[in-house]
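Each of the next two complexes has chain A plus one more chain, namely chain B in the first and chain C in the second.
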Partner chain A sequence: MPLELKSLSKDFGGFRLSPLDLKIERGEFFCLLGPSGCGKTTALRLMGGFETATSGSLFLKGSDITKLPPHKRNIHTVFQRYALFPHLNVFENVAFSLRLKKRPLSEIQERVKEALKLVEIENLATRKTNQISGGQSQRVALARAIVDRPDVLLLDEPLSALDPALRTKMREELKAICKKVQLTFVMVTHDQEEALQLSDRMAVMKDGICLQVGTPKAIYEDPVDSFVARFIGPVNEIKGEIVEEVEGVHAVQSLCGTFKVKKNGVALPKHISLLLRPEKMRILRTKANVHDNLIEGQIQELSYLGSRTEYTVKTKDNAFKVFEQELERQKKRSLNPGDKVFMTWRSEDSIVLPER
Partner chain B sequence: MSYLKDKSDSLQTAAKTIPASAWFFMSWLVLMTLIPFFIIVGMSFLERTEFGNIRFHFNFDNYLVTFNVVYLKVLLKTLWLALIATASCLVVGFPVAYYLAKQAGPMKQMGLILLFIPFWTNFILRIYGIVSLLGNNGLLNQMLLHYQIVDSPVRILYTRVGVYIGLIYNYLPFLVVPVYSALEKLDPTLREASFDLGAGRIQTFFKVVIPNIKEGVFVGSLFVFIPMLGEYVIPDLLGGAKEAFLGKVMVDQFFTMQNWPLGSAMATLLSVIMLFALILQNRWKKNSGEAHAA
Partner chain C sequence: MQRRNRLVETIFWLVIAFLYLPLFYVIFQAFLVDPHNWKSGFTMMWIIKLFDSPSLWLPLGTSLEIAVISATLSVSLGTLGAVGLTPIAAMLPATFQTLIMLPILLPEVITGLSLLLFFLLLRMELGFWTVVIAHASFSASFVYFIMVEQIRKLDPQMNEAARDLGAKPNEVFWKVTLPNILPGVMGAWLLAFTLSFDDFLISFFTSGAGLTTLPLKIYSLMRIGVTPELNGLSFFMILISTFLVLILVSKEQSRKWVLKG
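Here is the complex of A and B:
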C-alpha cells in the first residue's frame, strides 16, 4: 500500500477539506476529479507536504509521513505550470534530485538520459527551459519527477496548460509513459474525459467532500448521486414513482409515461430519479426495433459532430439529449428539427437514484 | 570592432525610437551630465598656473601625478571601503528584501515606505543625525553607559566603523529595492519544486533562489558601490576628515588646492573605473538576456 490517507483533513478557515480516507494501491493511476474549489488540489498538496493537515494522518509504504516536510518525502510532483528551473538547462533540471543525492556523475548521466528518452526529448538536453515549447516543458517536468523513481508521483492538472489539440495527444502519451515507468500516480483534474481515460480508479469530489471512489466504469455506470452522474458525463433525468416490481423489473410511473427498470437485488425507494445516458438511448424514425422503453418526441435541435450526431428531443414535459453514432445514422433517413421521433432504451441501461 | 559597430547601430536605432516626450530628459542629460563630463575630461589634459588658473597646454602630467603611489593608495583604499560597505549593505539589506518580498498586503507597502521615509529629510541633516547618535555623548553611548554595559564611551564616531555605518544607512534602500523586486518576480512554485525534489530550505536558497535573483543582487550592489566610490560627505563628517578618501581628495583638489586639472584627472579616472563596472553589468545582463529572449 504505497499511500494511505486516514481521515486526512484541512481547515483553511474559509474552505474545509472534510476528512478523507483513501487507499492508493501500488502501481495504480489514481485521479482526484472535481470542479474547481472541490478540494482536490488541497488533497494533493497535503500528499506532497505543501500543506499541513489539520487532522488525520498520511502513510507512505506503512510509515507515518503526516508531519514530514516535502523534501523528506519520497514523493514528487509535476506542477501545473511545470515550475522548471529557469537557471538550469533541461538536463540539469532533470538531474536536480540526483545531484542533491550526490549520485556519481556516470549514474546521473545515465539516468537522466534514460528519463529523457522515456519522454522522447533526448535531443533537448542542452536547451534552456525558455527555448522549449509547452508540450516539451511538460515532458521535462515529467522526466524530472520520475528520474529518481519516487514511491508516488503527483500530477497537478498536468495537461491543463496545453492547448486542446496537444492535450489530447499528451493524454495518450502520458498513459503510455505511465505504463512504462510503473510508478504509483495520483493526478488532480477537472476534466472528466482525462480522468476516464487515464485512471485505474478515481475519486469524485465536491465542496471538500469525497463523494465516490471507484473505477471509471463504476463511476460512469453506477454513480452514487446525481452530481457524480452529471459531472462524469451528460445525463437525462426522469422523476418518477415505483409502482410495481416483478422479478427485479420495476415499473416506474412518471409524467412522460411508465418505464421499466431492471435492478436485481437492490431495494429501491419509492420516489426515484431515472438517469439516462444519451448514448444509451436510440433514436428511431419509426416504431420498429423497440427496446423495453419507448418515448415519443420532436427534434428541437441537432448538432452533427462527425463521429456522432447529438439531438435534443422535446417531449411533453421534458427535453432529452440523445447521441447517434455516425455508422448508425448513415443507414437511416436524415432528421431535421421538427421531425417526430421515438426514443428507446433497454430496462437495464438506466441509473436509478433516490429522488433529491 | 564588431562590438563597437553593434553599439553604434544600436545607438542609431535607439535615437530613432526615442519618444518625443523623452527628448526633454535626453537634452537635460546631455546638457547637465554629458557636456560637464567632457569638460572635466578635457580639463584633465590641461595645466594649472601658479595662481590656480588654467593654461591651455595639452599634457599628461596630471595623470602621471594621479598614478603617484600616494594617490593610488587612496584609490585602492576607497575601492576597498566601498567594497566592504557594499558587502555590508548586502548582509543587512538582503534579509530586509527577503522579508518584504514574502509579506503580503499592507505590511509590504508599509515596509517599503519605511525604507524610503528617511529620504524625505535632507541628506546633511540625516548625517548630522547619525553624528548625534554615535558621538561620545550620543544616544547610543549614553544608553550603554546608563545600563553599565561599558565604563567609558565607545568611540564610533570619527572612526572607520562610523563611516561604514553612515554609508550603509544612506545606501541601503538602493540595494534593497532591486533585490526585493527580483525576489518578488521569482515564481514561488520554483521553491516548492525544489523542496519537492528533495532540497531543504538552505539548499533551495542557494541552488534555486540565489541563481534566479543574482542579476538583481548584482544591480543592487552596483547601485550602492558606484556612488560610494565618489562619496566624500559621509567619510568627511563621520570619519572626522582624518582619512583621505578619493572623493575627499578630489574635492580638495578642486576647492582647496585650486588645482582643477589634477582634480579632473582623478575624476576622469574614477569615471573610467565606474564605466568598467557598468560594462561588466551590461555584459552579464546581455548574456542572460539572450538566453531569455531565445
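Here is the complex of A and C:
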C-alpha cells in the first residue's frame, strides 16, 4: 500500500476538508475529481507536505509521514504551472533531485537522459526553460518528477495550463508515459473527461467531502447521488414513485408516464429520481423497434457535433438531452426542430436514486 | 505626430543636458590650466598632481574599504530579511513595513545623530567600524525593498518545487532562490556601495576624530577653497561611478538578450 490516508483533515477556518480515508494501491492511477473549492487540491497538498493536517494521519509504504516536511517525503509533484527553475537548463532541471542526493555524475547523466527520452524531449536538454513551449515545459516537469522514481507522483491539474487541442493530445501521451514508468500516481482535476480517461480509480469530491470512490465505470454507471451523476456526465432526470415490483422490475409512475426499471436485489425507497444518460436513450422517428420504455416529444434544438448529434427534446413537462451517433443518424431521416419523435431506453439502463 | 515627437525629443535633450552638463563641466575643468579661465589651455598637470597627494589617496582607500564592507554587510542583512519576511508579509502588521522604511524616510541628520548617541551609549570607540555599521544599517533598508520586489517576482511554486524534489530549506535558498535573485543582489550591492561611498552626514557623525573618508576630506579641503586637485578627483569619481553603472546595465542587457533567445 504506497499511500494511505486515515481520517486526514484540514481546517482553514473558512474552509474545511472533512476527514478523508483513502487507500491508494501500488501502480495505480488515482484521480481526485471535483469542482473548484471541493478540497481536492488541499488533499494533494497534504500528501505533498505543503500543508499540515489538522487531524488524522498519512502513511507512505506503511510508515507515518503525517508530520514530515516535503523534502523528507519520497513523493514528487508536477505543479500546475510546472514551476521549472529558470536559472537552470532543461537537463539541470531534471537532474535537480539527483544532484541534491549527490549521485555520481555518470548515474545522473544516464538517468536524466533516460527520463528525457521517456517524455520524448532528449533534443531539448541544453535549452533554457524560457526557450521551450508550454507542452515541452509540461514534459520537463514530468521528467523532473519521475527521474528519481518517487513512491508516489502527485499531479496538480497538470494539463489545465495547455490549450485545448494540445490538452487532448497530452492526455493520451500522459497515459502512455504513466503506463511505461509504472509509478503510483495521484492526480487532481476538475475535468471529468480527463479523470475518466486516465484513472484506474477516482474519488469525487464536493465541499470538502469525498462523496464516492470507485472505478470510472462504477462512478459513471452507478453514482451514489445526483451530484456525482451530474458531475461525471450529462444526465436527464425524472421524478417518480414506485408503484409495483415484479421480479426485480419496478414500475415507476411519473408525470410523463409509467416506466420500467430493472434493479435486482436492491431495496428502493418509494420516492425516487430516475436518471438517464443521453447516450443510453435512442431517438426514434416512428414507433418501431421500441425498448422497454417510451416517451413522446418534440425536437426543440439540435447540435451536429460530427461524431454525434445532440438533441434537446421537449415533452409535456420536461426536456431531455439525447445523443445519436453519426453512424446511426446517417441511416435515418434527418430531423429538424419541431419534428415529433419518440425516445426509448432499456429498463436496466437507468440510474435510480432516492429523491432529494 | 511628427511635431509631437519633436517636442518630446527637445524635452529629452534638455533633461539630459540638465543632468549631465554640470558633470561634463567638472571633467572639463579638471583639464584646464586655470580652472576658472577656460581659455587658459589644457593640461594633465592636476591629474598627475593628484597621484602625488597621499592626503587624498588615504581617504579614498578608507572610503572604498568602508563601502565594500558595509555594502556586503547590508546586502546580506537586507536580502536575508526580504527572503525571510516576504512569504509572511501578509501576516505582519503594516507598521512593520513602515519601521523598515524609517531609515530611508528619516532625515540623515537624525539618523547620524541617533547612531552617534547609540554608539556612545554602548561605549564603542568611534572610527572605522562604527562608520561601517552605520552605513550598513541605513542601506540595509534600501536593499530590503529592492530584494522584496525581486522575490515577489519569483514563482512561489518554484520554492515548493525545490522542497518537493528534496531540497532542505537552506538548499532551497542557495540552489534556487539566490541564483534567481542574483542580478537584484548585485544591483543592491552597487547601490549600497554608492550610498556608502558618497555619504557625508552619517560618516561625519560616526567617524570620530581619527578617521577621514573621502567626502569628509573633500569637505575639509573645500573650506580652504575649490582646488584644481578636487576637480581631478571628481573626474575619477565620475569615471568609477560610470564604470559601475555600465556593469549593471550590461548585465541587464545580456540577460534581456538571453531572454529574447
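Methods note: the second predicted complex is superposed on the first by the 356 of 356 C-alpha atoms of A that agree within 3 Å, B and C clash if a C-alpha of one lies under 4 Å from a C-alpha of the other, contacts with A are read in each partner's own complex, and residues count from 1 in each chain.
Note that a residue touches a chain if its C-beta (ideal position, glycine included) is under 8 Å from a C-beta of that chain, and two chains touch if they have at least 3 such contacts.
These numbers were taken from a predicted model, which means no experiment stands behind them.
Participant: For the overlay on chain A, clash or fit between chain B and chain C?
Facilitator: Aligned through their shared chain, the two binders clash on chain A.
Participant: Between chain B and chain C, whom does A:Arg167 touch in the aligned arrangement: first, second, both, or neither?
Facilitator: In the superposition, A:Arg167 touches no partner, neither chain B nor chain C.
Participant: Across the two complexes, find the residues of chain A that touch chain B and also touch chain C.
Facilitator: The answer is residues 48-50, 69-71, 75-77, 79, 81, 83-87, 96-97, 100-101, 128, 130-131, 144-145, 148 of chain A.
Participant: Can you tell me which positions in chain A touch chain B when the two form their complex?
Facilitator: Listed in rising order, the residues are 48-50, 69-71, 75-77, 79, 81, 83-88, 96-97, 100-101, 128, 130-131, 144-145, 148.
Participant: Can you list the residues on chain C that touch chain A in the complex?
Facilitator: Chain C reaches chain A through residues 155, 157-158, 160-168, 171, 175-176, 179-180, 258-259, 261.
Participant: In the complex of these two chains, what residues of chain B are touching chain A?
Facilitator: By the definition above, chain B touches chain A via 187, 189-190, 192-200, 203, 207-208, 211-212, 291-292, 294.
Participant: Contact residues on chain A for chain C in the complex?
Facilitator: Those residues of chain A that touch chain C are 48-50, 69-71, 75-77, 79-81, 83-87, 96-97, 100-101, 128, 130-131, 144-145, 148.
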